[in-house]
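Here chain A shows up in two complexes: once beside chain B, once beside chain C.
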Partner chain A sequence: MKVGISRELLAVEWMPELIKRLGQLAPEIEWVHDPAAQIHPQLLLDGDACYPFKKMVRTSLSLLSEVEVLILPRIVSLDGFLMCPNFRALPDIVKINKERTERNRGVPLVSPVMEVSAQNHLEALSREVFKALFKNDARDHEPQLPDNKTEAKGLSGRDITNSIALIGHPYVLTDSRLNNDVPDILRINGFDTVTAQEIAFHQLTELAESRDYYAKKLYWRSARETLGAFLYFNEIQRPAGIIHLVPFNCGVDALLRIELMALHKRLNNATPYMVIICDEHTQRDHVVTRVEAFLDIVHGIKIN
Partner chain B sequence: MASKSTEIFLGIDVGSVSVKMVALDTEALEMINFLYVRTHGDPFSSLRMVMKRLAENRPHPVVQAAATTGSGRTLAARLINTEIIKNEITTHTLAGVKIMPEVRTIVEIGGQDSKIIIIRDGMAVDFAMNTVCAAGTGSFLDQQSGRLEIAVEDMGNIALSSDNPATISGRCTVFAETDMVHKQQIGIPTNDIVAGLCRSLVRNYLASVAKGKAITAPVVFQGGVAANKGIVREFQEQTGFEFHVSPYYGVAGAYGAALLASMIKDKQPEFRGFELLDRQHDIKSFACRKCEEACSVLMLYRDGKLISFWNDRCGRYSSGELTFNS
Partner chain C sequence: MKVTFPHLGSMYIFCKAMAETAGIPYVLPRPTSNRTREIGEYNTNESVCLPLKIILGNFVEALEDGADTIVMVGSGPPCRLGLYDRIIKVVLNDMGYDFRWLTIPGIFNWQALLQNREETRVLRKELTPGNYFRFPWAMAMGWKKMMWCEHLERTAAEMRAIARHPADVDRLLAQGLHNIDQAAGVLSLSRAGKAAVASLKAIEKSDRLPLRVIMVGEVYTVMEPSINMDIERRLGHLGVIVHRSSYFSTHIRRGSRMDRTLLKDREKLLKMAGPYLNYDVGAECNFSVAEAVQAQQEGYDGVVHVYPFSCMPETNAAAVLSTVGEDLNIPVLPVVIDRQDMGLRIDTQLEAFVDVMMWRSQGRIA
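Up next, the complex of A and B:
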């Protein structure tokens, strides 16, 4: 059975574990993450969404013509912290747009609510998806807890002094279309990259706790991840610089951008820091100029 | 200006609206020549004109090292044959620090770009540039001066003659123009409209480009818009700081590039800028299909012979690994 999950969602934590567990329950699943051809329909209701969200919708719609079933979880919260509300709407937006086109209207969507913070939640979710995929399947799986989630290995012991840390939403950090190719531009300029994805979330959220001084706790998962990573790369292991990749000035991203800039000013001897609003650049050269100027700051270019 | 020396360091800034050139004496690093030429959408021809004017100097200048900057820096570097290519933030930093070593903030407003650079101990530590919005840049002032039928060079003095600047929206050029048309329609004097425009553009700069950056004195103001005294007055009134207009404000990027050229100790490739005058140069392009990026790879031909590639993201052509035929 050919089952689709869009490539962008693979960057979301717990998704690789879900795929792995489903693979154990049904080894015959053939996964498709990248459509052979992208379709570009005029989307309904995409006007106010960010580019990453639109890309997820388009990838999902493109996958429909290549799979028998599309899995599109309604991701509400991970590790006890809320995801962007757009993730809750994603299955609905894909469904609405699917129904508008004759082609692929019959391909089913499997959209379970995803609220995972422990192995037993993942097991329940995996079984729910399995049942939806194989409705009349009589296979009787022994109840078991999935393998422990593969924690990020961390960076201790690794020399990151010649690396630039990239922080932001994981799906932005891993997708060259969404991150304006910043990792590649850095590589061309002789710098490696490290990301928050290499640090365990529990460590990031512990660091973020030190800044839980708002009227409410900072309850968005990606905000805790980004704030924790910013603090990690300033206080625990120092790279040559930090670049914060923001899709656009939306909600918590806008708040966090200002917060991190203010925090950066207050830190003594802070790691050089720059924000790139990905949606504000239409040409690669604009991004190259900013990255090169940032690297000149890192190098400390001074007139003789 | 007459040349004191035949040997020069050359800086070239190919911007969106103009090409700037600065020649420095190699011994004292004094500016012995500078030029500002409008591109009118054709940076290649503008660069050729700059080379022509430079070549007319007597004695004929010998370029010891050259550097390029600005949005057309890569193209310019290929045409004159230099490997010193630097972003405009760094070159403006070098220029600002050179004229005022204690500078802490550089404000630069050019044809389509505007920047703020925060300096500590002679080094840039932070910066910001405008992105999708060119409100408040030189090209918008150009456009509005044309519409008001006044010379852009006169806008500053006209603004200074007003004691009652009109209220103009600075958030977006479209809104600003709409407001200006409205003010004209109800009879507001032109000098008040121009002064209001200066006020709104500075407000826009401070709210969008300088957002979150702490402006501290001394401040150096660079870029073509620094010629506008109305803008300078507004910056000073809205920030409370004195804005020192760089003596080289119009060519500051090129000045910084020339200073950078003087700092590079490695042996430089032979300068070929003057060959733009008497040899045939053509630029062609093709869409590479080696990967999904489909780069528009550019090729420079000199007298019909292919001599250089650029704009290939992977670098396979510019490094010589692949050729056009492969």
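Up next, the complex of A and C:
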């Protein structure tokens, strides 16, 4: 059975585990993440949704002509914190667009609500998806997942002084179309990269907690990850610089940028920090120029 | 202590009445102007939604005028409104202002109560027993004034569309709101309210048949004319009665969870949006969709969907509403508001929209 999940969603926390578990429960699934050809349907979306969201919608719609079923979880919360409201609406937006196109109306969408913060939630979700795919319950003798999720290895013991830390949404950091190839540009300029996703989330959210004030808790998971990483790369392990990769019009990052900028001004001897709004650049050269200017500052600090 | 609060339609009359009746000194923020917007724009970034920028501008101007304590209504997840107070505090601190902050919790839980206790620790010492004693009466007076304001605004929306000279309605509304604001007691308030409504109803009428639209969308944009470019007035001048989805009292009643009917209505609306949105996206998204469906069922001529550029829930509502309009054959006008907006652009959009609704009502187009 050919089952599709858009490539962009694979970067979201817990999604690789979901796919792995579904693969264990149903080895006959053949996964498709990248459509052979991107279709360009007339989307209902108007202009001000963020580019990653539009790309998720387009990839999902393109996959419809190549799969038997499309899995599009309604990702509400992960690790006890919320995702942005767009993830709640994503399956509906894809469904409405799908119904407007003549082709692929018959391909079913499987859109379970995804609220995962522990392995047993993931197990339940996997079985729910299995049931939706095969119309029967998964067999009980399949191997169970371990009780604890495999956490990110962390960066301790690793020299990151010649690295640039990249912070932002995981789907932006991993997709060269969304991040304007910044990781590649940095490598060409002689810098390694480290990301927030290499550090355990519980460590990042603990750092972010220092900025919470009673009910005024940052409730989005990605915001906590980014804020925690910003603090980590300033206070615990110091890279050569921090670049915050932001999609234009991202509501979560719009607020977070204000907090990070203010925080950066107050820190003594803060790690150099720059924001790149990825889709405000139309050519790679624009991004190269910005990254080079930032690296000049980084070099200047090293020399001094 | 000098308290201030943001502008939100005629909410300032409610806040002012409360402060005056309870004997708490206050600073009324200046009317929102281009400068107010610019303060917000220069001290945030391009992707921050317009309400945050304007509220920030209101606070900066009030602090410049001597306020030292900011009172802000809180909200919850998942949209950005729930973090406005956190972020505005960060910006004001960064700008070097010295102020105290009090969030009126939008959601009552232990965290909110503890926060309230912490925030009012110093304020409580500055309040006199007289302030406390008069507070229930201040609440009642504020509420009565707000109800009169909203009644007057609803009447003005009806009358503007059929007035021979719609500008007269604007003048009478402004005068009526001023008189309500100035009323010092319940009797004088009642007299001022009744007189204002009567004067509005007595205006010279034209013989044109008004169109009816519902204005849905992000609450702040629906309620604050300086943000929505005064769409309600502009449409009124074109012969359209505008029914707003949100009034300040609606939010207080909903937030306090006292009014069961209102809560049941919300549940009903969520179900109404069900064919398009299967899950509560957050803020007003599902309600914008549901209210448009309801408007079609109730025979409205169109739907105006207003929201600030980059608003996460309403961006999804806009996508869904474009299909609702097609499915239910009702014109939907999305108006995305940001700093680039000019009255003339909005006028052109509204005129075209009114033409479409008028031709449809006359049977000239399907």
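What we mean here is this: the second predicted complex is superposed on the first by the 282 of 304 C-alpha atoms of A that agree within 3 Å, B and C clash if a C-alpha of one lies under 4 Å from a C-alpha of the other, contacts with A are read in each partner's own complex, and residues count from 1 in each chain.
Quick note on the criterion: a residue touches a chain if its C-beta (ideal position, glycine included) is under 8 Å from a C-beta of that chain, and two chains touch if they have at least 3 such contacts.
The structure presented is a predicted model; accordingly, all values stated were derived computationally and were not measured.
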Query raised in the report: With the two structures laid over each other on chain A, which partner does A:Arg238 touch: chain B (first), chain C (second), both, or neither?
Result: neither
Report task. Using the touch definition from the top, say if A:Lys54 reaches chain B (first), chain C (second), both or neither. Result -> neither
Requested in this report: Quick one: classify A:Arg290 as touching chain B (first), chain C (second), both or neither.
Outcome: first
Report summary line: Partner touching more residues of chain A, chain B vs chain C, is chain C
Query raised in the report: Just chain B (first), just chain C (second), both, or neither: which does A:Val113 touch?
Result: second
Query raised in the report: Regarding the shared-chain residue A:Asn86, is it in contact with chain B (first), chain C (second), both, or neither?
Result: second
Query raised in the report: So, A:Trp220: does it touch chain B (first), chain C (second), both, or neither?
Result: second
Requested in this report: Could you tell me if A:Ile258 is touching chain B, chain C, both of them or neither one (first, second, both, neither)?
Outcome: both
Report task. Go through the superposed model and pick first if A:His33 touches only chain B, second if only chain C, both, or neither. Result -> neither
Report task. Could you tell me if A:Lys20 is touching chain B, chain C, both of them or neither one (first, second, both, neither)? Result -> neither
Query raised in the report: What is the shared patch of chain A, the residues that chain B and chain C both contact?
Result: 258, 261-262, 265
Report summary line: chain A contacts chain B in the complex at 181, 184, 188, 258, 261-262, 265, 272, 274, 277, 280-282, 284-286, 288-290, 292-293, 296-297, 300-304
Query raised in the report: Any idea which chain A residues touch chain C in the complex?
Result: 43-49, 74, 76, 82-86, 88-89, 91-93, 96, 100, 111, 113, 213-220, 246, 248-255, 257-259, 261-262, 265
Report task. Note which residues of chain B are touching chain A in the complex, please. Result -> 71, 86-90, 93-94, 97-98, 122-127, 129, 131-132, 212, 214, 259, 262-263, 313, 315
**Report entry** Parts of chain C lying in touch with chain A, wherever the complex brings them together
**Finding:** 44-49, 74, 77-80, 82-83, 85-87, 90-91, 93-94, 103, 105, 107, 109, 111-112, 114-115, 118, 276-283, 285, 309-313, 315-316, 318-320, 322-323, 334, 336
